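The following pair of complexes shares a single chain, subunit A, combined with subunit B in the former and subunit C in the latter.
Now for the complex of A and B:
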């Protein structure tokens, strides 16, 4: 028989998992890019990889403390954003999409190549960089929590830090998007020539937006690797598309959309994978092996997202009125 | 700013602005914009080739010419939306040749577009506020600290409401600009441009696609700009309108300025008739007789109005 309790509790765990927080933050970065500014960044995986590797390499190779490692990651993503933005932000939006998707792949392949094996760990990736972060943990050792949410001190510390960062990023984004700065940004999304004609330096605003959303992606990359190891194959283009799926699910030009979208995405994913794996075990799906079952969850999530995008294209938190005028 | 606009039957024309003969490139007594040797080619086509041109201050200047004469290209060049191959120009004595569009706008030379660019998914009020200059809160770091820009924002809002009332858009202030009609968008674009207190307003075909009822009110708004001390340069096809409100007319054809002068004089100029009708308009070449009839009709109408 199927153990429904285990399926639901495994799904519930995803609600506050650090991975959910990381995806939420990365999606918030894309909301700044795509939802508010209209920049088609398809290289969010590259920004996340820079965060993960920036942090891990600084700690392992150079022995930097936590704060310096974080700054190195952020610095790397600012430089990356400048490299992407300087040649492409003067061009039409589609060019940025092409350049970012290629640049993110270049970043991933650079981290995968054997040439830099001593520093990047090549395809095996990196691990053993969590000491500094764990040492900052003020929570005494032990196990805390209730029901499915029972973790040791490190896991709680990680969750608290991750969600604090997400909440701070949301508050920051909310504040700037309702300021005159946000008005210019949204104006650029609608028609950058009109904004230029009103005396705003469109290029500088687009660059600021690209850097800001990229930094969100980078910090997300750091949160992403704290419960696991750094593995280059995690940063494939599909990562960017999952983040886009979360963004569209929640609503592109919203603050809470990426957060709730990420929660729904991960809870659904966990639920489907748990359900299908156990259904195969129980012999409900005789035509399927357990390996195939592992892939089926992505198909089901894809269908779920398609249904939401078709029947609620503004996302969960999007303003329905806006949609009436979409060209 | 007054709210009681009465349709002006006979606008007050500014006269006697030029020095010497009213020939192409003639000097003005008080020019706001002086253009020298500007050219722009697209492949083999010389779209704009203007030797010398002066736009008078405090007057309404019309830029007319047949399709493909280079009016909009010249507009784009002067506002920094396109880069010239050669040439320089000064605005209020400052050289702004090749300057970026946003800097040109900050100097007080704002433009509107032939195809209206209302920012659809912003409210009418946000559209207006975007037009205000030197906003403290438009800096990313200061944007985080609302107490720095709250007062300025409130002041801009009052100014925007005042302008919206003048353009009869105040009841729409919280609607998305995308919900406005084509004519209302034109009005919004003009009102938005005025938020920056410009000295020279450049309107690219302000009447294109506007119904006759709204045309009258748009005309009054343009005349009001002049009354408030702004200079206006506009591109237009509608000869009636040009003759009605323009103080000075510049005629372009094939990239060059072929004539300029008082609107009544310039319509009689042989170069203008040639530009519109072709140099051999009185010889039967058997080409596109309909279009020709239309133009001849238009010119005749103008001459009739004159009498």
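Now for the complex of A and C:
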């Protein structure tokens, strides 16, 4: 018989998990790029990888404290955004998409290659960089919480920090998009030439937007690796596609869309894979093995991306007037 | 693919040791080697362990690089002072274990069995893999010969990329769609061939022909089921591109659902290389290049000389004008999808022989290179895609002369970014296309 309690509690755990927070923040970065500015950045995985590796390498190889490691990661992503933006921001959207994917793949391949194995750990990745972050934990050791949300001090500390960062980033994005800067950014999305005609330096604004969203992605990359290890294969192009799925689900030009989108995405995904896995165990799906059941979720994500874009391009929270999809 | 095509000679009959430029290539390839000084890796993490003992004349050899690859897993380890090594592996699968001969002391080579061994687990969780070392010198191929060999390989790779890239470029030209699901059209050709030849036992050439036809049908089906309705609905180009990403993801995992995550071989792959001076090519490679060139010529003829081909180029240039001149735009797009599907399928079959192996994500592995090729040549220009593909193919293969082979795609992608910096519209593109 199927253990519904376990399925539901596993799904509920995803609601506040650090992974959900990390994807929400990465999607918020994409919302700045794609939703507000209209930049089709398909290299968010590259920014996340820079955050993860920037933090882990500065902690492990150089022994930096937490704040310095975070700054190194952010610095790396600003540099990456500049390198990426200078040749590409003048290009048309589909060129930009291809170039950003290529750049993210270059980053991933450089982290995967054996050439830099002593620093990057090559295909095995890195671990053992969490000490500094755990030492900052003010929560006394012990287990807290109720029901499925029962964690030890480190896990709570991680969740509190992760979601605080997400909330701060949301507030910041909300304010900045209401400011004159934000209006210019949205103007660029609607009609770049009109904004240029008003005497604004479109190129500089796009670059600032690329850096801001990239920094969000980088911090998301750091949050993403705090509950796990840094593994280069996590930063494949599919990661960017997943973040896009979350963004489109919530609504591209919204603040809460990415956050709620990420929660819905992970809760549903966990529920779905938990259900399928147990249904296979219970013999409800005799034609399927448990490995195959694990792949169904990716098919589901793919189909979901298609359906959302076709039938509800503004997402759950979006406003149909504010669509990044200008023809 | 390693940098040094080592030919082992036990009687130093033809010991050619050309230094100079070759040394640079060697240094690069060994850069990653001396790094990890641990004789055990991942043995705590995984249940299954490959282990071995590297000895020569009863003396252990230290610091020999052993690498394991297989089932999507890779690891490497350096032998300790006793010549021992252990590598943990995640599954009870077949792994290929390679000994890097560059890390052996001078005068010692792998005597028999080769420097790469396929290790299969028996009943136990530990499998010992040993290499038989002997005395001898390795005669290495000169830089020029390596260059020529890589060049020919690159040309072969570029030609098979071109098949896929031209299809993608035609589709982009006529519909404006940057089709990420092209990767799955590539994979489809190879998977269809695998099913027809290995599972159903058809002769390989029949299987290939049917697979190409099926790929054409697949292209037609995708257009009829997904893209045509969306065009009719008036969905914008960027949403269409995102739909193609979703479609690509879904199809890829559907393939994995049915074919599993492993790699299978098509009949005839792994044929012995024939030597033409410095160039080593298998009969399959020659067939592959011959077929690519013939098909590309046929496509060129189709585009330049036939009515439908001319109509295709007209639609590419200006769909409304083409439509107003009485060209059946929908019909042209349908034909482009069929041709694009068939070309992608053929390219997948050739890619399966080039890699070698058929796997569920093989198309996705070269998708970016295909995109790089079309973008380099100029989006939407069929002949630009051909030029771009050859450049990308040559770059990928030639860069292994200097870069470690796991970075060989980086070169091609960097070239893509640099070309766009200098000539954003691509090599054969027109300036107005960048908008």
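Definition applied: the second predicted complex is superposed on the first by the 308 of 327 C-alpha atoms of A that agree within 3 Å, B and C clash if a C-alpha of one lies under 4 Å from a C-alpha of the other, contacts with A are read in each partner's own complex, and residues count from 1 in each chain.
By our rule, a contact is a pair of C-beta atoms (placed from the backbone, for glycine too) under 8 Å apart; a residue touches a chain by one contact, two chains touch by 3 or more.
Predicted model, so just to flag it, every value in this text is computed and none were measured.
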item: Contacts of A:124 with subunit B and subunit C, given as first, second, both or neither; value: second
item: Contacts of A:202 with subunit B and subunit C, given as first, second, both or neither; value: first
item: First, second, both or neither for A:194, with subunit B first and subunit C second; value: first
item: Touched partner set for A:182, first subunit B, second subunit C, both or neither; value: first
item: Which superposed partner A:27 touches (first subunit B, second subunit C, both, neither); value: neither
item: When both partners are placed on the shared chain, which of subunit B and subunit C touches more of subunit A; value: C
item: Shared subunit A contacts, counted only where both subunit B and subunit C touch the same residue; value: 325
item: Residues of subunit C touching subunit A in the complex; value: 31-33, 35-36, 41-42, 74-76, 178, 226, 230, 233, 235-239, 241-243, 245-254, 256-257, 260-261, 368, 371-372, 375, 379, 404, 406-407, 409-410, 413-414, 416-418, 420-421, 424, 433-435
item: Subunit B-facing residues of subunit A, complex; value: 172, 175-176, 179-184, 186-187, 189-191, 193-202, 208, 212, 321-322, 325
item: Residues of subunit A that touch subunit C when the two form their complex; value: 40, 86-88, 90-95, 97-99, 101-103, 105-106, 109-110, 112-118, 122-124, 237-238, 241, 244-245, 248, 291-292, 295-296, 298-299, 301-306, 309-310, 313, 324-327
item: Complex interface listing, subunit B residues touching subunit A; value: 79, 81, 100-103, 105-106, 110-113, 117-122, 126-127, 129-131, 133, 135-140, 143-144, 146, 149, 153, 176, 178-179, 189, 192-193, 195-196
